[in-house]
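Here it is, the structure, as structure tokens.
For reference, chains read A, B, C and D in written order, and residue numbers begin at 1 within each chain.
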Amino acid sequence: MENSLFSIELDVRDYECDMQGIVNNAIYQNYFEHARHEYLKSHGFDFHQITKSGVFLVIYRAEIDYCLPLKSGDKFNVTVSLATHSKTRCIFEQSIFIDNQKYTDGKFFITAINSQKRLIKLDSIGLDSLFNK
Amino acid sequence: MENSLFSIELDVRDYECDMQGIVNNAIYQNYFEHARHEYLKSHGFDFHQITKSGVFLVIYRAEIDYCLPLKSGDKFNVTVSLATHSKTRCIFEQSIFIDNQKYTDGKFFITAINSQKRLIKLDSIGLDSLFNK
Amino acid sequence: MENSLFSIELDVRDYECDMQGIVNNAIYQNYFEHARHEYLKSHGFDFHQITKSGVFLVIYRAEIDYCLPLKSGDKFNVTVSLATHSKTRCIFEQSIFIDNQKYTDGKFFITAINSQKRLIKLDSIGLDSLFNK
Amino acid sequence: MENSLFSIELDVRDYECDMQGIVNNAIYQNYFEHARHEYLKSHGFDFHQITKSGVFLVIYRAEIDYCLPLKSGDKFNVTVSLATHSKTRCIFEQSIFIDNQKYTDGKFFITAINSQKRLIKLDSIGLDSLFNK
């Protein structure tokens, strides 16, 4: 159910808008990233601590569908859910909404590597506990 | 009194941190700008509408004192007050606090110009109503 | 042939790196956008002028494959080519290389709208002259 | 002499412009930082390596005078010179020019700290060799 998804509320900040008067395309990745990190934090995973421990969560593919443009003054929600893909890969499925109107969809394909750049199984860092949540 | 100042609460977002693990110096200007625009909005002035009407509020000088660094996970307040400088110039005096600890001070010297790049008196656009607030 | 593609050379700037010490994922969209605008300019199309004339080139979908991470000190090339998709849609196909090593692939699906938010045929603004170049 | 100053040439990128159609104030700090790091690199100091070695060069005060606005399509130079202030503090004096027209002045007050957040003498990391250059 849409309603049970993790979600954060954000405001468009004027410096995020470009000469077209709308939020620049790259900024949506900032919104999506911030929501993912807040989602992880809400489940006991601190991105900064994970990074300092020598584990790097990396995006290897991003797909973003821009349906409607966010503008100065807009207040919006960013949802996060996590699907498993394999033992070493998962997908963050995210959307941006204003009320029930969808503005943006994002899919972020994630893997984890250690400081030797070797793939790490997601259950070895406990991320498997998040699947199907 | 510190307590009566306009203030907004923000979170550090991880993408705002650089390789030193702290918020990049330029990002503080984003925080200060967003707080100024929220301050203006709370007093009935919409920066986007002002810009579209052909009036440009421009910063001609910025002074920023970085006292303590903001880090991943910090939640902080940005204050705003406005002092008059002359009929065509004003100064936004701003600070960033966590609890009562000051992290950053900013002074932003502002003037207004029209689309012919001529200075505009601040009372002609109503901004004088904000002084001493 | 790879060699005949339009390409610009850029440097990683340290403020573009995040706490992982590598370029933040969102920044790649900045690189790709800048390369697209330079490509348009090299063919006589100025993005800023197009926008001021009331035509908005908008991305409705982005796909980015992050193969290798860009790091502080890296110098890299961003390529641009344009494929037609329909009378109102085109695709910018772009890559980031260091020497012959691919770092990133990007596909940006573009359409053009006017100030009434109606779709515009790409040949009405001359963009069809760029296809197969 | 102006002519003997260290300088880099940059282009305004469209994503750096905001809804006013000019470069956003915060972005100038990006330009100034990138020029400082290139200046350091040209003298054998790599900011990324310095940071990894546990020494943090930090700005404790910034003063920026915005004289003329940079716009889409502008190509400009950013100069860097370094003045000593005390054994633990130095000042980067920087300007942005197009031809001989000054657009922006920046003064960045720098100190160095170690990972225990103690001040470090600048000559202990060799930075004194840069003064009067």
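Just so it is clear, contacts are C-beta pairs under 8 Å (C-beta built on N, C-alpha and C of every residue); 3 or more make two chains touch, one makes a residue touch a chain.
Because the structure is a prediction, the values reported are computed rather than measured.
Student: Could you compare the number of C-beta pairs in contact for B-D with that for A-B and name the larger?
Tutor: Higher C-beta contact count between the two pairs: B-D.
Student: Quick one: compare the interface residues of chain B with those of chain C and tell me same or different, with half as the dividing line.
Tutor: same
Student: Work out the mean Cα position per chain and let me know which chain is farthest from chain A.
Tutor: The most distant chain relative to chain A turns out to be D.
Student: When the C-alpha atoms of chain B and chain D are each averaged to a single point, how far apart are the two points in Å?
Tutor: Their C-alpha centroids are separated by 23 Å.
Student: Can you give the whole-Å distance between the Cα centres of chain B and chain C?
Tutor: Centre separation, chain B to chain C: 33 Å.
Student: Whole-Å distance, chain A centre to chain B centre, using C-alpha means?
Tutor: Here chain A and chain B have centroids separated by 29 Å.
Student: Please list all residues of chain C that touch 2 or more other chains.
Tutor: 14-15, 17, 19, 21, 24, 26, 30, 33, 48, 72 - these are the residues of chain C that touch more than one other chain.
Student: In the complex of these two chains, what residues of chain D are touching chain A?
Tutor: Interface residues on chain D, with respect to chain A: 14-15, 17-19, 21, 24, 26, 72.
Student: Could you pull out which chain C residues touch chain A in their complex?
Tutor: 19-20, 24-27, 29-30, 33, 48, 51, 56, 58-67, 69
Student: Spell out the part of chain A that touches chain B in their complex, as residue ranges.
Tutor: 13-15, 17, 21, 30, 33-34, 37, 41, 46-48, 72-73
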